[in-house]
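Structures given as structure tokens follow.
Paired with chain B in one complex and with chain C in the other, chain A is shared by the two complexes that follow.
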Partner chain A sequence: MIAFDFAYFRPETLKEANETYKQLIIAGKLPLYYGGGTEIISMARAGSIRFDAVIDIKSIPECNTLCVENNQLIIGSAVTLTKIAESGCFPLLGKTVSRIADHTIQDKITIGGNIAGSIIYREAALPLMITNSKVKIIKKNKLHELPLLEIFDGNLHLQNGELIVQFLIDTNYLNLSYCHVKKTKLDKIDYPLITLAAIKTDNGINAAVSGLADKPFLLPVKILNEQDVPEAVRADKTVGAIQNNIIGDLIIAGKEYRMFVLKNVLVQMFENFKEAQYAGI
Partner chain B sequence: MGYIIGQNIIRKEAFNKVTGTAKYTDDFIATGIYHADLLVSPYAHAKIISIDISAAASAKGVKKIITGNDINVLCGPLIDDKPPLAKEKVRYHGEPVVMVVADCEQNAKAAVAKIKVNFQPLPVVNSVSDALKENAVLIHENLQQYKKNVSDVYPETGSNVCGHVKIRKGDLQKGWQESELTIESNFTLPQSDHAAMETRAAQCQIMPNGRVIVCSSTQAPFSVKEQINKTFQVPIEDIDVNVLFVGGGFGGKAAVQLEILAYIAAKAVDGHTVKIASSREKDMITTPCKIGLEAKIKIGAKKNGKIIVAEMHYNVDCGGYADIAPRIAKAIAVDCAGPYNIENISCDALSVYTNHPVATSFRGFGHTSLSFCIERMMDKLGAALNIDPIEIRMINALTEGCYSPTQVKVTLSNTGNFGECLNKLKTLINWHEGQRIVESNHLIRAKGVGCFVKTSDSPTNAISGVLLTFNSDGSINLNCGAVEIGPGMKTTAAQILAEKLKMDIGRIQVKMEVDTQTSPVHWKTVASMTTYMVGRAVISAAEDLIRQLLNGAATILRCTPEDLEIAEEKIFLKTDQKIYLTFKDIVHGFQYQNGNSIVGQIMGRGNFIMNQLSYLDKETGEGKAGPYWTPGAQAVEIEYDTIQHTYRILKAATVVDAGKVLNPKTVKGILMGGMCMGLGLGTSESFIYDAEGIVQNTSFRTYKMMRYGETPDYLIDYVETPQLDAPYGSRGLAEHGIIGIPAALANAISLAAGIDVTKLPITPEQIWQQKEGVRQ
Partner chain C sequence: MLAFKDKSIISLNINGDNVTVMVNPSYTLLHVLRENLGLTGTKPGCENGDCGSCTVLVDGWPIKSCLMLAVEAIGHQVITVEGLKNAPIQRSFVENWGFQCGYCTSGFLMVCHALKNIHPDADDFIIEQWLQSNLCRCTGYGEIKDAVKAVLENKI
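Up next, the complex of A and B:
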């Protein structure tokens, strides 16, 4: 149980949400925007966060959008992982989010929540990081559209009161050949040892990984795409280039092993893209 | 063929459970009761310098705050070594330090957050080997002053050893002289959690007339009663323990802890009802877990594969307090050789204090740990001599006429037919196709074997009882003291009664709840002994009923009891089945046409007490620990990726000598559940400690268990060698599915990857480390 009292708000509009946030701050309260609640509830239960109010954004229409408009896929921040996966709108994203936690939890976790959360993996961000995605955020009661990577470097950098409303992805990216590999300590359902999401554009491979460091990050494009270098060597060079970022921990795996697994994952990725090419995908 | 034995019977509470209607201890929400919550130790070993409760004491809804200094008792089932709330120092991460009683759970929790405890960290004993080092930090400085509750437990003064069991069989020196080959290995197994679906909960009320009413999710209501009596000198007749359904125990709910705290809490608030329920996180580390083990095994054998001698050291990690660990060490010693005949044995099984969470009984009661060691040794021996793993086991199999490590003579009835289990396993797991099969895509398919034999290690005077009453329509109520913890034992009791009386099991109602005031005493619902003990009591009660029914009917029908027979709720003349009385006619008294009545209410009483069991000799271990053994042979088939060093479990197989399978689908379910748990221990389940002994994985986010979708194909078969003194020949097997599985998995992986697995759980990272020779 959560051993402290807090207020629950469920605004119907962005304006109302913003206003509620403002009023709570003026009243000296600490509010949190609330999506699926999986992280807020478990952290509050454990006593590791405290707040005075939650503002549930699930009734705000803009936050629930899932559609294509003007050659952009628009995904509201309160759309659940299950909904994204089942819609088939963005195969790489669908595949990535359907390997986060388990099915029951995927019905609750929202894409905005996964990316804004404090759990370091934020796997839902990976496909967005490599597809020049944009975000619409609400800031001082106004909507702003900007590149995701301007406010997200693996950690989300928003000011208090700001909220991601939507993610926007150019439809040209949606059906490129892609690769998703998730490696865990052992079980299918677990935090990642490594999750890799990659796409192949005309300019080459873009890839991002989660699990290796304390936040997701992009793999060096230049090394991945060195045309005259054999793939196995590129994999080694990539591992070498990022090895200082790699962490080890007691629960999931040591650093050396993570490097070994990354190498295998990269080899598998190159292999996948090659097969896709042969298959004409 | 039996009347109902051997048929699939749906458990009597099935519909209540699958519809969510069945109630468990913490399901009852009563207004007006108080709630207790615990502040637990963030350190594994630390002095308590000061406790500041001032802010908490004035917090909303707080009724009482209790610290170790408020309670002047020590408790424990074998050795009184544990203060219910830590006093002066804490000995494990998660140990209860302060208890807050408040008017609701929320206020209790909020107040706990306001308590400030000043700890001074002490050096941490973070493994069994640390604890056994010379000049090791002592976890209990005054071990010799503790009161022992049993005579046959032997703590060693000035050490961290709280129990030592010795087995000395045959002539070691001669054994080593005759040996042509020696194999030696060390093994390390971690502590882990029971992870029952229902987290533990207890509540207590003390009535104005002194009656203490406890409701608890326990496997051992009668032990709760005894421990409250012993610890607080409450007259035993004043204590009443009630148990509803228990949502899985696996041994973890045989330990008494929350009940003691609930009593202390209730006592502190003038007897008001207080509930204490563990969160999942506390259920993992504050309440007891599974033992860890460090072992060193050395065997000597002939070149033909026959093991001549074994020297074994099993050191049990019992955590900060002894609880029942010395008994687990005893169980390990008793079956230290596994299902194999070894003429010359020296075995020392120690229970060792560490600064880890307290360990208690866990499904398999030490046998999963010992089997891991012995079964790895068997594969190593087979490999060294180039003898097939099943063949090497067959060569050494325990057979009729052999003597167990504690020198009990083996018979087909008391130990079943292990060799036949091995034979059937070969077919079940398709052994002839090969044990290590190289496939395409860098994959290797491999099979490993793990076997077991297990007895009960109950007290030598463990008892059970059954009371039978009739309803006016001739249907029967069955009341026994065993708790329904999941395996459907109450239904099994009804099935045995239905068989004995040749009647419809639907006409037998079983009291699901246990109330120590009205239920006959049943030792504990543990040790795979329930069918045996309760079943024997059921048969004895049924015989009592039959005698009364026959005598009564004989008078009424004007014949001798010998002329009559019972079936389908009728008592009829053997010579003319048309002359009969129904149960309904007689069980509440028979009335003649003129109103005269005779016979009266018929009630059946049945009891059981262990016989022929004895204490083990302190120096040699000679003695009889349990009434019978159940043997079995298991295998696991895996697919190993030689590039990534990952693996997948394809199949798990069990052949057990069940004596007689009473209820096939239930038995299958129980064995599958055990196998699944065994795979959990093999692949992922373990507590991970940091250098300070702090458990790192106290939630299911990080404490990984087998998920339903990850389970392999389960293959199950039986040998049925009747156990002559058991109900319809049936051997206990409730725990056994787990025992050989981690070993079988380790053997499969060792073979597939060409490594030597000596630790659990087996992660791809560990395989990689061994393969690549990386220093850990």
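Up next, the complex of A and C:
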């Protein structure tokens, strides 16, 4: 049970959603945009957050889009992780989101909710961070299109009332060779010790990781792609370059262990790309 | 736009019937099913989305009802274990010893029933992926897997 009351709104247009948010703020209330709601409900039940109203965006058509248009894959922010995985529209993203939480919860978690949530892992963002993805946000009743990395550096930076409506991914990225590795401490269903998502473009490897720091981040492209340096050395250099970002804790893993796992994951990634090259994938 | 500012009467479709119920917007679907509608086959467990004992079907997909507000279910079709009505998976659980204490059973039944409908050709990987959403403290996982396989292979 959630121990406090709040109001529920389910707008059918972006304008209604934006207007409702504005009216609630004017009335001195604290509203939250609400996608799948899994994090909001569990945190509210635990007493970790309080709010006066939720604005459920799942009936807004733009937030439910999942289609290809003008050489862009468009994914609405209220599309569930299951829908993305089952659609097969972007294999790397599908594989990444199908390892977030468990299968039943993936029927409820939305891609926007995973990226905007307060749980630090935000694994759904990894494939988007390495594919120059864009976002459409609504801001003062107007849609704006901008690069994802302009508002997301591992944490989402939006002003009150702003909402991600859609994610836009260039179709050229969708079927490139990719690598996804998720390591957990014990069980398959768990938060990541490390999750890595990587793709290989004509210009080289792009990779991002989650679980190593208090937010997901990009790995240094230059080091990953030093063609004249052996792969094991590149893995070492990458770990060295980001070691200040890596956090350790007593519950999941210490810093040194995380660095050890990352190095092995990177070696595995280089191997995977080599095999894909030989297999013509 | 749907808007509920405080206690309100809402209409839900549960097990094929339209029912009206008075709820606060903060009530979870799990709470309303059990406390307002008396459908106690849906079991509360962790109430944190971890155990899966409260799983119901919403538009055919398994959903943990502890992580869904009752007002979110407006306009959707909810099926609880009471709505399965002698589905093959129930017989299969009996024949394959798919339960011991039985507390997790209704949640597992809902997941397995949805799996049969959505992925009738599910392979071992998909079966395992779906079953990992639920916990059984009696560790009857092997028998539960046998039960779902028997249904997928149309042996029931």
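Quick note on the criterion: the second predicted complex is superposed on the first by the 281 of 281 C-alpha atoms of A that agree within 3 Å, B and C clash if a C-alpha of one lies under 4 Å from a C-alpha of the other, contacts with A are read in each partner's own complex, and residues count from 1 in each chain.
Going forward, a residue touches a chain if its C-beta (ideal position, glycine included) is under 8 Å from a C-beta of that chain, and two chains touch if they have at least 3 such contacts.
These figures come from a predicted structure and were not determined experimentally.
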item	value
Chain B versus chain C as contact partner of A:1, first or second or both or neither	both
Partner chain(s) touched by A:66 [first = chain B, second = chain C, both, neither]	neither
Partner contacting more residues of chain A (chain B vs chain C)	C
Which of chain B and chain C A:264 touches, first, second, both or neither	first
Touching partner for A:189 - first (chain B), second (chain C), both, neither	both
A:47 touches, of chain B and chain C: first, second, both or neither?	first
Contacts of A:107 with chain B and chain C, given as first, second, both or neither	second
Which superposed partner A:254 touches (first chain B, second chain C, both, neither)	first
Chain B and chain C footprints on chain A, overlapping residues	1-2, 4, 42, 45-46, 102, 188-189
For the chain B and chain A complex, residues of the former touching the latter	105-106, 109-110, 113, 279, 281, 643-644, 646, 683-684, 688, 690, 696-697, 701-702, 704, 707, 709-710, 763-765, 768-769, 772, 774
Residues of chain C defined as touching chain A within the complex	1-6, 24-28, 31, 47-49, 52, 55, 58, 61-64, 66-69, 71-72, 74, 111, 129-130, 132-134
Chain A to chain B touching residues, read off their complex	1-4, 42, 45-47, 102, 185-191, 250-251, 253-254, 256-257, 260-261, 264
Contacting residues of chain A [partner chain C, same complex]	1-2, 4-12, 16, 20, 36-38, 41-42, 44-46, 54, 56, 58-59, 82, 98, 101-105, 107-108, 188-189
